[in-house]
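The first chain written gets the first letter, and so on, giving A, B and C; residue counts start at 1 in each chain.
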Amino acid sequence: MTAPVPSADGATPSAATCRHTTLRAYLPVAIAAAVLAAVPLALGGSGYLMSLATTALVFAAYAIGMNVIFGSSGQLFLCLGALAGVAGFTSVLLADDQGWPLALSVTTGVVLATAIGALFSWVAVRRNLGVIFVGIVTLAFSLVFTNLVQGLRTLTGGETGRVVDAGGAALRGPISSYYLFLGVVVGFLALYRWLEGSRTGWAWRALKDDPVAAELAGVDVARARILAGTIGAAMVGLIGALFAHHEAFISPTSYAFAHVDVRVLIVIAFGGIGSLLGPVVGAVMLGVIDEVLRPLGQLRLAVYGALLLALFLGFRRGVVPAVADVVTTWRRARTPSDAPAAGRGTRASKH
Amino acid sequence: MLRVEDLYVAYGDIEVVHGIDVEVAPGEVVGIIGSNGAGKSSLLRAVCGLHPARSGEIRLAGRSIIGDPTFRIARAGLTYVPAERRLFPDMTVLDNLLMGAYPQRPAPGRVDEVVALFPRLQERRRQAAGTLSGGEQQMLAIGRALLAGPEVLVLDEPSTGLAPALADEVYAALRILRDDRDLTLILAEQQVGRALALVDRAYVIEQGRVRLQGTAAELRDDPDVQRAYLGIA
Amino acid sequence: MAIVLDGIVFGLQLSLLAVGLTLIYGLGGVLNLAHGQLVVVAGIAGAVTISAGAAIPVAVVLAVAAAAALAWLLDATLLRPVYRLTGERRVLLSLLVTLGVAFLLDGILITTHPFTALNLSVPGPAIDILGVRMRSGSVVASIIAVTALAAVLAFLRLSRFGRAVRSVIQDEEGAALCGVNLPLTRTVVFVLSGVMAGLFAITQGLISSVGATSGLDFTILALIVTVVGGLGRVSGALVAGLVLGIVHAVSSFYIGAFVTFVILLGVAMLTILIRPTGIFGGGAR
């Protein structure tokens, strides 16, 4: 796969954060889009490789959602899979069992997931819940979701899952679906970039630095947090719903905590929490690791666990930013006049 | 007894103590005075190991304690009573006092001795510390520190948040402690008049530096001190 | 009545499981999401020892020792960088790190011991208690749980070191100023929580079984009890364990197992939303 190289470069976009009007801010997004658009050509139309690439895009999209929720406002949602699953199952049930048009059922699923995300965020802000309580509530919600899906067998097909009819050629074709998900990812990236430059993005940075000081400085911390939870949940819901129709099959496994949340944490930890293109780089890395580890079976869990440990203990700011730092200092050392380099620190900083 | 040499303390990138020297002889009662934000607490927190010093040297009875964890410094005989007191709110007054003597077994009767100094605590022995009034909490914090049997007792703003009458009560107890010549007492205080009435000698800290030092009498007579801290024009 | 009695036995087990989790959180701000894996490690260690031909008591001791050793290892290695942080950051990193540990151990244990499970059957007839017949395994499990819980409570309330543990829970800085060695206290309590998890594995082995895949379930159960009892509150965990144990037994009997689990999760979520300090927390810790 050729994708990671330019994205790694793109992960160090500078300036942009303060000047949101300049189109230059979107340059990394455009470059990433162009590179990713070329991937099918590089893969020579192999159906298997295309499906891997599409999965990577799905995880990149989840991770962007997580970046919005967790990266920007520090809300640890451990229910990404459940949110995606709520949207997925809602959409499938409406489209297949009730005969709703696809667009409408997907929208309804997304609205429901968004509402749940917004509710969690709202309650967390209103009750002033710390990271631990948000984490526990959302983790509990994940398990409630899984249990309900498994219990409501007649509707959901239980643990084995069910076949999904509604879909259409665009969602099912290996190439077309790739470009569809690419469109979503690029859309999310652009949205993320736009949010970063907006007043909301400014509020996120302020509250991440110091929520109390932000509040005192007149930042509407509550609004910024709830907005993050809402937008992120909408992103995750959209991908969850589209994924179900794309796969033509839905089961609790594809939305399980171990399958989605843990891996999304790995993706954002690798790419750098809060970095623009980190999710894309991280998702590509995850795709490669998944493929390499396929023969390991259950032992893969152990590798994910080890990765989580290594990433969060070793590279608190993400591997990509850390590597970018090294490259930057190395370049600076060689050409001292080459000043503008890493502006990434503003967003990825977690110190 | 305690010797601080060229101490620098910083929070993140912001340096708040810029090279302070303080020396306290055994049995001496020394004030660290200055206004709010002058760096008194930062200096004392560094001394007792709650916040790392950036550089410098701190010696307790000749032995370097810089970089030691707080509990080790406490066991070495330096006990700090922070302005925010740091009591154990859900534990009883008695349990709080006993915690003061945690590293050793408290000598029998030691609790009674300390309580005799603060009679108010006597009636409240079985009460949870969190239910005490501000003045009683300050007395408990000092009492807890005394149970450790410290050689150096460091008090940070013992009159903070107290009504004047209660502050008087706390200071009355401190005067009794002052006359105990086995105890070295260091007192940080922004109520400079109160402090100068108690201590033998004091350092005036301004903006993280020692601005002046001298005996209590010298400082009381210093025109700058009078103007800046004692409200005498 | 028989159901309630079953519920009480399960409740005692839940308390046993949750006390360790709540103590660690109270003490160090570490939420150990690998708590259930401590149980599993004990279970597998016990089962392997038994299948190697060792006597049951030896296996029991080894099982508990294995959980304690793992707890000690966690505290001494991976959690060191966590303790260096403070406040929310410490909580967050502890969550992520222990989640990683949970998956790491799950992956290893499920792969290496897919069919190993700890089953300790106690010979002897059922025993009559209050006119209800109880399996002897349940009786032994209850005795273990009650003894262990009483011992922990006595340790916390009566011993000098126990008082130090309580003081750290209430104010870390204040405890350090009193000369309490924080890292040592944390280590001791972490090992204690490992011992409790190991004992839980024994009781679970007496009543049903402990296999490689149950780690997350145990963690979640402990988490539910801990949350309902109030994070960091030992007495809360004790009461919440008993109450939820009875709720669990009654609800499983009349409604069904999977709805029961959802109900328990719902109770935990509601607790956080309505009263984050816990329902059974009270004032005493």
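Note that in this section a contact is a pair of C-beta atoms (placed from the backbone, for glycine too) under 8 Å apart; a residue touches a chain by one contact, two chains touch by 3 or more.
A quick note: this is a predicted structure, and the numbers were derived from the prediction, not measured.
The touch graph of these protein chains is an open line. Top-ranked chain pair, ordered by C-beta pairs in contact, is A-C.
Rounded to a whole number, the gap between the C-alpha centres of chain B and chain C is 42 angstrom. Rounded to a whole number, the gap between the C-alpha centres of chain A and chain B is 52 angstrom. Our note on geometry: chain A versus chain C, Cα centroid distance of 33 Å, whole angstroms.
Per the touch definition, chain A reaches chain C in the complex via residues 74, 76, 123, 127, 129-133, 135-137, 139-141, 143-144, 147-148, 150-151, 258, 262, 265, 297-309, 312-313.
Those residues of chain C that touch chain B in the shared complex are 160, 163-164, 166-167, 170-171, 173-182, 283-285. Within the complex formed with chain C, the residues of chain B that make contact are 48-50, 69-71, 74-75, 79-82, 85-91, 95, 98-100, 102-103, 105, 128, 144-145, 148.
Against chain A, in their complex, chain C makes its touches with residues 31, 78, 81, 88, 91-93, 95-97, 99-108, 110-111, 114, 220, 223-224, 227, 231, 258-259, 261-262, 265-266, 268-269, 272-273, 276.
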